[in-house]
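For reference, chains read A, B, C and D in written order, and residue numbers begin at 1 within each chain.
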Amino acid sequence: MVHDTAGAVFDGFHEECGVVGVYGHPEAANLAYLALYSLQHRGQESAGITSSNGQTLLTHKGMGLVADIFDEKLIRRLKGPSAIGHNRYSTAGSTMLKNTQPLLAKYTLGSVAIAHNGNLVNAEELRVRLEAGGSIFQSTVDTEVILHLIAASQAGQPVDRIIDALSQVRGAYSLVFLSEDHMIAARDPYGFRPLVLGRIKHAGKTGYVVTSETCALDLIGAQYEREVQAGEIILFDAHGMTCYNPFPRAPSARCIFEHVYFARPDSTMFGQNVYHARKSFGRQLAREAPVEADVVIPVPDSGVPAALGYAEEARLPFEMGLIRNHYVGRTFIEPQSSIRHFGVKVKLNAQADILCGKRVIVVDDSIVRGTTCRKIVKMIRATGAREVHLRISAPPTIAPCFYGVDTPTRRELIASSHSVEEISRYVTADSLAYLSEEGMYAGLQVNGNGFCDACFTGRYPLALGSRPKGSQLSLFGEQG
Amino acid sequence: MVHDTAGAVFDGFHEECGVVGVYGHPEAANLAYLALYSLQHRGQESAGITSSNGQTLLTHKGMGLVADIFDEKLIRRLKGPSAIGHNRYSTAGSTMLKNTQPLLAKYTLGSVAIAHNGNLVNAEELRVRLEAGGSIFQSTVDTEVILHLIAASQAGQPVDRIIDALSQVRGAYSLVFLSEDHMIAARDPYGFRPLVLGRIKHAGKTGYVVTSETCALDLIGAQYEREVQAGEIILFDAHGMTCYNPFPRAPSARCIFEHVYFARPDSTMFGQNVYHARKSFGRQLAREAPVEADVVIPVPDSGVPAALGYAEEARLPFEMGLIRNHYVGRTFIEPQSSIRHFGVKVKLNAQADILCGKRVIVVDDSIVRGTTCRKIVKMIRATGAREVHLRISAPPTIAPCFYGVDTPTRRELIASSHSVEEISRYVTADSLAYLSEEGMYAGLQVNGNGFCDACFTGRYPLALGSRPKGSQLSLFGEQG
Amino acid sequence: MVHDTAGAVFDGFHEECGVVGVYGHPEAANLAYLALYSLQHRGQESAGITSSNGQTLLTHKGMGLVADIFDEKLIRRLKGPSAIGHNRYSTAGSTMLKNTQPLLAKYTLGSVAIAHNGNLVNAEELRVRLEAGGSIFQSTVDTEVILHLIAASQAGQPVDRIIDALSQVRGAYSLVFLSEDHMIAARDPYGFRPLVLGRIKHAGKTGYVVTSETCALDLIGAQYEREVQAGEIILFDAHGMTCYNPFPRAPSARCIFEHVYFARPDSTMFGQNVYHARKSFGRQLAREAPVEADVVIPVPDSGVPAALGYAEEARLPFEMGLIRNHYVGRTFIEPQSSIRHFGVKVKLNAQADILCGKRVIVVDDSIVRGTTCRKIVKMIRATGAREVHLRISAPPTIAPCFYGVDTPTRRELIASSHSVEEISRYVTADSLAYLSEEGMYAGLQVNGNGFCDACFTGRYPLALGSRPKGSQLSLFGEQG
Amino acid sequence: MVHDTAGAVFDGFHEECGVVGVYGHPEAANLAYLALYSLQHRGQESAGITSSNGQTLLTHKGMGLVADIFDEKLIRRLKGPSAIGHNRYSTAGSTMLKNTQPLLAKYTLGSVAIAHNGNLVNAEELRVRLEAGGSIFQSTVDTEVILHLIAASQAGQPVDRIIDALSQVRGAYSLVFLSEDHMIAARDPYGFRPLVLGRIKHAGKTGYVVTSETCALDLIGAQYEREVQAGEIILFDAHGMTCYNPFPRAPSARCIFEHVYFARPDSTMFGQNVYHARKSFGRQLAREAPVEADVVIPVPDSGVPAALGYAEEARLPFEMGLIRNHYVGRTFIEPQSSIRHFGVKVKLNAQADILCGKRVIVVDDSIVRGTTCRKIVKMIRATGAREVHLRISAPPTIAPCFYGVDTPTRRELIASSHSVEEISRYVTADSLAYLSEEGMYAGLQVNGNGFCDACFTGRYPLALGSRPKGSQLSLFGEQG
């Protein structure tokens, strides 16, 4: 069954994804499946895998979690020594099967499938141009323009058509393409989104894996080799691996938010271990914003490393004062006679035995709208805690991301329009402190050059060609 | 969940369909649903409806029967005063959701949905040309080329683009198109497949219905008006109904097989009642091929009218000697210790009480491979019938259809390579006779001009541009 | 998922069923499945099969049609040389999975499964007595009391316990029981419901089949042997087949409605072919109620044999003037702007080409509420028919059945409170005639002794012990 | 659809459950649902809720997680001011819908539903006795005998029948019963399994909640009042709450394993906070089994509190050296070319950046078969860790539980037949130490009297009446 709305425009501006490509392994689809499994945190709404058996591309896609979409029989059907996979999260309106990836196309040179992490900023204008030339779009994801640019290219070889296509798009893209007899990986010249390269041995031969995070390499037993470089295009075919750097060099703009929140803590991101980075943020935060207290607790699970770092630096006890319910589903049916702090209590329970009578430092990695945070603070105080000090292991989030992280619009970001003092009062904390921008980079032991921190600063490395509806981008300073 | 194969080529050559379009009725989708319901015999594998609420096209499609695909909630969601619908049967390989119709496209002038009954004979060459120009195909049905031709056309108005597109395709097509604010019906210049026009009143206003058979008009209470003429294009919009005849006139080639087998007996097809036509075939057959016998029985249900005609003309008793099981599903699980005549016995049971000791004339409308027929004859004889005479109310089927009826390949058609005598022996009948070609037209009280009878004669009114794989068309004489 | 209501009482008073038991065939479950398939007309709401592999009973049950409930894997799991099966229709309230049969119980002697066609008239009083003794009921079907009576019996052998249990129940029952190592068939002393015995050979050995109708024997290739006699109990075990007649003889009360409507036309029921019986009813009706007319048409499919008989006797042409849609599902979504004769038109279409200007005799087998009939008459007249004469091939249905046929309550039966003249006027026919009671038995060439015709006469062969709620039974004369 | 096996015997010996009862709240079923939600860790295979609207019991049950089984519509249908709920885990063979609870029965006094945490040790002998008296069992769970004992009791009031029934059963039970107009809670005289009582206010009135753990009270905003005492029976009806203590006093035998592993860390169990207890176990373990090391890491999530306690006491850094994949489904499809440490790596990833070159102490709460543990040790060592010291925050598990915790059979428990030294070698650790029995009780600051620690000691507080098949219980010393 398919329910569809033909009138939709591009709606893919706020989405998060994980990608993987495997080349030269007899069980490529199975490895891709496992990689998606370990990248599930990057997108839980849909997933898909396309394999090539040398003659034909075979695809299975579905809505939901990787473990629910695939079963052994389906994986076994995705035969062939190469495969690409994708999982995706996107905001409400666009959760349709037709928008799940890999997207596929048959064009004059054969078949091509594509899996994309990132967002293109000139997709709308390219689409208008392509439609005027007679192209018909099937999905509402920006990624599809790349397929049409490939189909419309006059270049001779698939890799040349892809280079031709990518030279026309602007934005964030970490891409894997699959055709009958080759696989191509590509990362945009800014290097917004991560993409790593690994090798996997089988029966004495070397296969290749390209994926969003190193945790996927770990699971399938592949050796981490290096990042796919910003602007690099890599062709995997019968001749092995061939690297291209066809585009002019652009300033590096790796996403700092991967370290702050998005990536899995056991991944190595842009050369650094994420868990270490987060602990460093916590330690730095303890230096910048100390406070007299009895105990440091994290908002689990994402706040754990920073809270450990804070506690270590502050020489305070670390406790799991908030216990997470591990079986939380997507919906909870609340009685009409409403329950106090319900929204947060289904996920987290504050332990009175640990917190009652204490001065508590709560560490989390971000405040978005402030509503959840406020419930947590109140729930902690309801246990009898004497003081509740909130520490955020990143700077205030003030601006939406247009390069592949699902942040809300500016209007919804409490820090875009309120001072730290105001937010502290709103969430009813005794004190609130954020990590400074400098502190964040100090935690990473780098300077800020080379990172995109637009969500914290509003400084966008790359202008939007056509504005998505409702965007307030024009309020911010932009940088080309 | 979607399971897909990107490497497939056009596979839509053998398919049957029913179409409907409703314009100017507040419950257009509901009427389209009912029309599809009454056209279910034209295709049981998938169905879909697209409605327009004036701004947006809304679609629901699925695999299976109309009654299972739609429910009240889904129909209510398909809002708007116009809707088109489609149901479809096609051979095994191509039963994929992506091939269900209506097909949709957004192109530079807006949205367009299409529902198609028939087959194009130059789809493959158009596809190659379009792909070379950068078009990307999403399905493997020939119908999609029409959408690309529309998108690629430089004409100004949608109806002009459709005329432009149709001027490039050759083959059988009865089409309905739906856009945000208008509906267009079209029938190819040969008039291969049926398409009728009706009117339906609502609250004092007149709406229009275009559909494959008049039985659909009957069910929804629409008045039959006339056939959509061969080569005619009708635009329904806010100004009412506008007719175009843009193409050069072609020789009429209406499908005789609709009368023989395909259409519902209560439909008026090409101006004649189908039940009457079939009775006439039976009567004519009794004149051409009489035989001493005690009873005439039909192979239910399709053989009933011809058997009644035969019995009337032969002044022999008519009996339901074969009883049909009305609850036959798609699959039956047969024990490994196999059952005699199982394949046919799950559907039909021969009544010994009626047939034992009798000389039996069995009337059916066609013999395809001969295997089922052979089982029926043997099952009848096993009741104790003294003689079994088989009478077929149409000429031998010797050639496949390339214009929209699902006949097997020539190799599988027993009559393409065996004489009537040989077939009679194979099916173990005491005698076998077919209706003659002349007798068939005599039954219709027309001469054969104006009909396509390629399945019975091998004379194709329209040559194939590029041959579908495995087709043995070149063995036949063709006529432009 | 199970949705359940513990507070329900017996609700099984209006239900119809088919049963089968197979003993001594290596693919017993597969044969039972096919038998249920051919008995699908006796119950379309649920079905189930229990097999015995010698040690354990294995069951699969479900809601819906046999073909949808079972697949090859499920049938293969139901291993063992014996199996029983059941399909069931019952009125709305009681369509719950827990009420599907076979019902199973483990008791002190082992396991027993039961499949039941019929209704017990003293189930409620037995239930009250059993509950007072500590029994816990799991379903709301009357059949379950038999299991509790078996479990509570002090007799030594299973067959003796079953005889003990059946000696306490009163009503209509055709039963098959399955235990680990034997199968038992039983038919009540009145013989209300049919039950036939057949033999099936496999690898030189003889297996046994017990089932509701002979059409099931035909499909699986079993030889019809005889009816299970009224009051007979047959044990099938390693020693072969042993017959018991433990109960006092009761007057024969075979259900005449099986011949009129319920059984499949190709079955031999109580020794006579059903199709023949129906044709005879039609012939007799033509003698009793002739009328000047041009054509005789049936209400398909059940009215076909009687209409053929009528036409033959009256020497009038027989035509299929009403065409049945073979793809009718359970629900149809009608527009709010309602369609004329919609309720009947989705199932039947009246052919103007055949009926216009004619004097039409319509033959059907019964009028229940009169509403459908009225729609059919009006739809026929709307084609332009000059006269519409309705002929019913059975006497008026005036009283509900308490022995296993789903007839509505007396209040809903139009003939229970209206004269033939009044009904004729209500259904807007030019004339209406029913077959007389005597004519019906004349058609069968028997006198009425030995049949239950309570639905036509209100004379119940067996009193109800406790009245079902809402029953108006007390208005009728009863006979013990 | 139901798939069933009638020949099964009681198979409920190894199962875990959570129960809840709510009395006197207009949204009782919704609160029960939320309570089950927070008790999901006690059983993930099935769940069910029965409510009473005063006249009728309404039930919905299903297989799977609470969040998947129920939706808003289903909860709203479970009307009424009282409800009981149950979730359940049991070993493979017995995962059938018919075994899900609440179990329901209609008997002579009306309806009763039951939800049970625990296991009865004399269920088999009671069942044999009841079946000999004519009872028919529907499920294979021991709980059903209680229903039959109630139905067979001659006592006058429901609560007296329940007391009568419970006086005949021996074993572990924390029970809630629901009838049309009252709810009853009961805990066995030994107090094996937990059961707590809370109050919940609504519109000025007090309602009651009885449930397995206090975390359920926290979520629904109920006030914890006290434990239901061992041997206590509480009746909730229109008159309020009435307590009974009808049974002779038995030695207290509360389950120590609830503290070690089973309960949620934020629950208060037998009067003590579970998280605190586990930290104390870790601290005590550090005192008993210190070792030179660089870092302490938990096996997440259950090992976290003990690891924190160990690290604190040992003054060593605590790190999350193993990262848990939060999206682990039930099945993973491993390639045939197997992956190193796959079985554990899909759930946990060892962080080389944290562990490489370090002497690592890994803290977990138990070793069952040793196979997972061995994989974890090897995976840690593969990161480059110099030493891996395993510390278990409980004594060796040597004996199965017969009172409601799903431990494997003795044969499968590595510690039942191997020394600590042998286990250490098997799991390839550099050293292994368990917490001592005394240390465990010291951690709880109690002496061991009053707890059941049979799983660690083999000393069973209550003999089994009839032995479950395959049990090796006779090898152990037992205590009455």
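Note that in this section a residue touches a chain if its C-beta (ideal position, glycine included) is under 8 Å from a C-beta of that chain, and two chains touch if they have at least 3 such contacts.
Because the structure is a prediction, the values reported are computed rather than measured.
In this assembly, C is the chain whose CA centroid lies farthest from the centroid of subunit A.
Centre to centre, using the average C-alpha position, subunit B and subunit C are separated by 37 Å. The distance from the centre of subunit A to the centre of subunit B, with each centre set as the mean of the Cα atoms, comes to 50 Å. Per-chain Cα centroids separate subunit A from subunit C by 62 Å.
Taken residue by residue, subunit D touches two or more other chains at no position, since every residue touches fewer. The touch graph of these protein chains is a ring, one cycle where each chain has exactly two neighbours. By the touch criterion given at the top, residues 25-27, 30-31, 33-34, 37-38, 40-41, 44, 65-68, 70-72, 75, 202-203, 215, 218-221, 264-266, 268, 273, 275-276, 301, 304-305, 308, 312, 317-320, 323-337, 339-340, 345-346, 349, 351, 353-354 of subunit D touch subunit A in their complex.
By the touch criterion stated above, subunit D contacts subunit C in their complex at residues 1-7, 50, 55-63, 69, 74, 97, 100, 104-108, 111, 113, 128, 131-138, 147-148, 151-153, 180.
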